[in-house]
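Same chain, two partners: chain A is paired with chain B first, then with chain C.
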Partner chain A sequence: MNDIVFKNVCKSYDGKVNVIENLNLTIPAGQRLILLGPSGCGKSTILRMIAGLESITSGDLYMGGVRVNDIEPGDRDVAMVFQNYALYPHMTVNKNIQFGMEIAKVPKAERDKQTDWALEILGLSEYKERLPRQLSGGQRQRVALCRALVKKAPFFLLDEPLSNLDAQLRTSARAELVKIHEVYHPTFIYVTHDQIEAMTVGQNIVILDKSIIQQMGTPDEIYNKPANVFVAKFIGSPCMNVGDARVADGKLWIGEDGVEIPDDWKVIIGDRSRIKFGIRPEHIDFAEGSGDVHAKVTYTENHGNKLVVAYVSGGNEMMACLDPFYKLGDDMYMNIQWDKIHFFDADTDKNIGYPAR
Partner chain B sequence: MQTKKVKNTLKQIFWHAVIIATVIVFLYPFLYMVLTSLKPFADIVASGANIFPKRITFDNYIHTADAVPLLRVIANSFMVATLTMTVKMITSVLGAYALTFLPNKYSNKVFYFFIITMFVPFSVIMLPNYLTLAKLSLLDTIVGVSLPQFADASAIFRLRQSMRLVPKSLIEAARLDKVPHMTCLTKIVMPLIKSSIASQCIFMFVNCWNEYVWPMLILRNQEMMTITLAMKKFSGSEGSTGWGTSMALATISVALPLVLYLIAQKQIISSFMSSGIKE
Partner chain C sequence: MAEKELRKQAQKEERAAAKKEKKIVTKAMRKRRDGLLFALLLSPAIIFFVVFVIYPVLYNVYLSFHEWNMVSPNKKFVGIKNYENLFKDGEFIQSVGTTFKYIGICLITIFVFPYFLSYAMVHLIDKGQETYRSVLFFPSLISLSVGAIVFQFLFRGIGGPINAMLAWFGVEKISWLNDGPTAILVIAFVATWKTFGYNMLIFLGAILEVPTELIEAAKLENASKWKIFWRIVLPLTSSTAFYAFVITFTYGLGQVFTPTNILTSGGPTNSTSNLVYTIYEAAFFTFQSGRAAATALVTLAIVMVVVVLYQALEKKVHYAN
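So, the complex of A and B:
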């Protein structure tokens, strides 16, 4: 089985500060796993440790059941696509793809066959004899994918491979990445800071912040059941509204407005008097004249497909995504939709859970 | 608008004048050498300020060929310079590669140690080197002239600077493909820094070709004489009567490195152009 297991892994560059602190993570074989997080959260370091390009300060890393701490990158059987593609500028596309196989002493006929196969998959056959500088960014990125693909390695690592592409190319490249994974189902580890890439490419997502895993789950779980405030705010655009509220007399108080809490939620909330609530902008339900919580609209932006409304409710700055034709009145209220709300502990920021439904 | 144009023109004229003056200053000794080598002896002593020959003669060149074994001295110089350049380049490329791509906790210390050697003047190490070579029985040999120059901190330093510009990810991609270091050096790093290597080669070759003091110490036998030592033969201490021949030999000695430079220049320029689009 080609799974990857981190056991209490720490990484320090200077011997004093750990950039990765006690990492425990199991990446199941054959999965597309995304390491997602803001810059400097340690996601690239984790990827580079798997590749063997960074040493492990303490702890153990197992790949396919073998402890690889002291195994050289070349012996780990990984294919990697770098952020800047790392194509050899003086070699043609063909040569770039074949170089690794040449070193591995693959016979010429087999090399040619593999190269043609990979170029065919990514639609680059006609660029075979070009130099990287004669290709566009998207083409270079695909050459880098071809180079990794021909290795047919059980571990396929990608370090922000789409970050240098424009928005349109990214969309098609995302589909290509999934296609490549479908070719032979390697264990696919993909580092990105782009949540759209994570949600669309990943079967599982690991969200990291400050070198600590915040949540691991399917895109659906991450989006609908964020483990804490960080995850809630990191995923979604605009991000989830998280505000402060009080609990008293069986009511949720947002500013001066109190809303009766349903019984199933009361059990979950328990005896907390302060709490953080979270509502996604697309789940905001507005009403004019009367409603649960008063909303003072500060500005609106029409994005064409949606109307983004910024407003203040009980001192919390919030965003709502509404139908583009929605007519806002002077006196607006926000209605709480109890099946769309999330609650987080006021002190620990952790999700307190959901009623069974 | 008009005044701006005039101002621009004046500025251009000024800078052109500066450039032309600089060119003349640099070119004059070279022209003097070539033209003097083409003058008959009487003209050299008589002509004074006029550097252009009234009559062109190749007598000086013919005389040079008679007075020294020309092919022999050129061959000697060529062998010394080529041997030095080749070995020095090999050691420098290997050293720079190790310092750049195989870092360990001592790399910087080693590098600084190399750098320090650049500040030791030649005159300080001249004698120890001489004695060492004498003990090795390498006096009066081409290897003797080259040996102390087989490693050079400044070349390591300059090549290391070039290698640092090679994107690290290229080397990492090679490591993932299990590319041996020697292959990585020759197939990836060297092609990417070939402009730097070419210019370093010329630098090393010309430096060695022009060397005078060290070969003079090591080489005694007339048979082993390099071209710089041969030149000395005509500019004697008692007033230098052999100016024409000396200049002819000097012209010959400049010609070879110049031709090499012109050949390599194309290479340098073309690799400069491709290095601009390094990823």
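So, the complex of A and C:
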């Protein structure tokens, strides 16, 4: 019921260049959907169009089955958490949370009840009478969540709500966001450029680049079957190794080293002579003395829980994540694991598919 | 050998003690030198303040108990007679009333109006903002005396362009400057003309400083434009508003002197004379310096009452830091 549908939506600020080009997207009701992409990809613009804070240049936007192009933000029944929280600095936590309910003329007793309920959920009860400037960043962020929560709106929008928090707080805040969603299952649209937030909070992820949707799918699909080179490289840390290879005589040639291609992959690769291969750093299989492709190690970084190795294979700069106690030799080789490899078209960068297994 | 070492040790201690003593002397000297330097640096400001502020105020108090025509070598001590005369005198009471009328009008025209207009310019009007700002600010660049002379011409009862224009609409001739109530309005209008744009720019600056997302958050709560102004913009711009309020108050109190002097000279029958103009008139027209001094002190007392009210009001002001 409370789904959001974009139909051929375009957005232009100057009437000349479209910052959102022909967007078609359906966000199912009650889902946690993440809009993920680098800065300037248009993800915040999409969120603001849902909120009604940005006008729609052309196309249609439906929320809960109603066309909302010309409906004011206040009439769309959305709750939003802003990047820097947008707490009213002159109001106490209590007043900040109650502001919307006061406008909606909710009776005082009900307002107090709702506020106490939200503060309880986010563990802020003792800060009720404090001003925002007397709170830490994490507490402010939770007040902003409380303010959105008490509205119990069917659409819950979050614009990079964790970007101003330190790494430790982010981890706990991510869990809180999921907890809030579980309270009443609103349609949850979350904008971020942080892939870990996207993978951990999202039920579905939409990856955007240059205002175009690159892929929409579950975190598993995005990670394991990236639609193109951009998605492959955007998700994962360190990112997926993508290199150039040739196909000839039934072999995959990376530099001077040729590896026999299994039959099921031959069908997928078809008659391509040039191709891009992708292997995640954690899927690199190293061997000393002999193997599929020669690897010239350039440097190593010990991260404590893993050993990150930078190396060059067939002219491609690559990274491998190995066991921290792995002993590197002088003459290293990379073995191709055919169930962990991805192939992309050399011209279009699109994923060419996977053999049925 | 041991004796030599002992002597060496004694010498060392002596040197250390001397050094310590020297250090103490140096510190004391430095303190004195710093004190002198502070006095030297502060002296121009202190001298200026004493000569042009403290002394005139004290002399004013002294004068208020005397009768003196500013020429005679003798000043006659009259006690509180000057004050008694003031409060018996209808003209003084009238000028207090007129002063508050100016303040009241100015608070509406150069405080409330530009406040709302600048909010409208930031959040309601999309096009032509630069033009409006320039046009409204332009009078602030023109001398108030020059402006007053121009308005004197425009508001002339006979042959004035404003009356001529009103005549097209069948409005009968209005004696703008020869009728008490209209003359007060014209003087307040000239003061407004001069200050409106300046105050508007100050308000604009403050309103633009209110973070956009606060306004957006309120919009999402379905808050009306009026609610956004009253609940968000007004509290967050209250420090600027407080400043503008003080400036407007003093403007209404004192600065309408120039248009009053040029347009009406306090007339007709003293109806446009405010406190400051009354002081000027008593001192430099009728040479009653004692009366002028007493009026000035009463004015000061009124201002002091207002200052106390300001301080009470300031507790409600939101300062960002």
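Keep in mind that, in the parts below, the second predicted complex is superposed on the first by the 357 of 357 C-alpha atoms of A that agree within 3 Å, B and C clash if a C-alpha of one lies under 4 Å from a C-alpha of the other, contacts with A are read in each partner's own complex, and residues count from 1 in each chain.
Here is the rule we go by: contacts are C-beta pairs under 8 Å (C-beta built on N, C-alpha and C of every residue); 3 or more make two chains touch, one makes a residue touch a chain.
Keep in mind the model is a prediction, meaning the values are calculated, not measured.
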item: Chain C versus chain B on the shared chain A, clash or fit after superposition; value: clash
item: First, second, both or neither for A:82, with chain B first and chain C second; value: both
item: Partner chain in contact with A:132 - chain B first, chain C second, else both or neither; value: first
item: Partner chain(s) touched by A:51 [first = chain B, second = chain C, both, neither]; value: both
item: Which of chain B and chain C A:73 touches, first, second, both or neither; value: both
item: Contacts of A:253 with chain B and chain C, given as first, second, both or neither; value: neither
item: First (chain B), second (chain C), both or neither touched by A:333; value: neither
item: First (chain B), second (chain C), both or neither touched by A:90; value: both
item: Which superposed partner A:104 touches (first chain B, second chain C, both, neither); value: both
item: Shared contact residues on chain A - chain B and chain C; value: 51-53, 72-75, 78-80, 82-84, 86, 88-90, 99-100, 103-104, 151
item: Of all residues in chain A, those that touch chain C in their complex; value: 51-53, 72-76, 78-80, 82-84, 86, 88-90, 99-100, 103-104, 151
item: Partner chain A, residues of chain B touching it in the complex; value: 167, 169-170, 172-173, 175-180, 183, 187-188, 191-192, 274, 277-279
item: Residue ranges of chain A touching chain B (in the complex, touch as defined); value: 51-53, 72-75, 78-80, 82-90, 99-100, 103-104, 132-133, 140, 147, 151
item: Residues on chain C engaged by chain A in the complex (per definition of touch); value: 211, 213-214, 216-223, 227, 231-232, 235-236, 318, 320
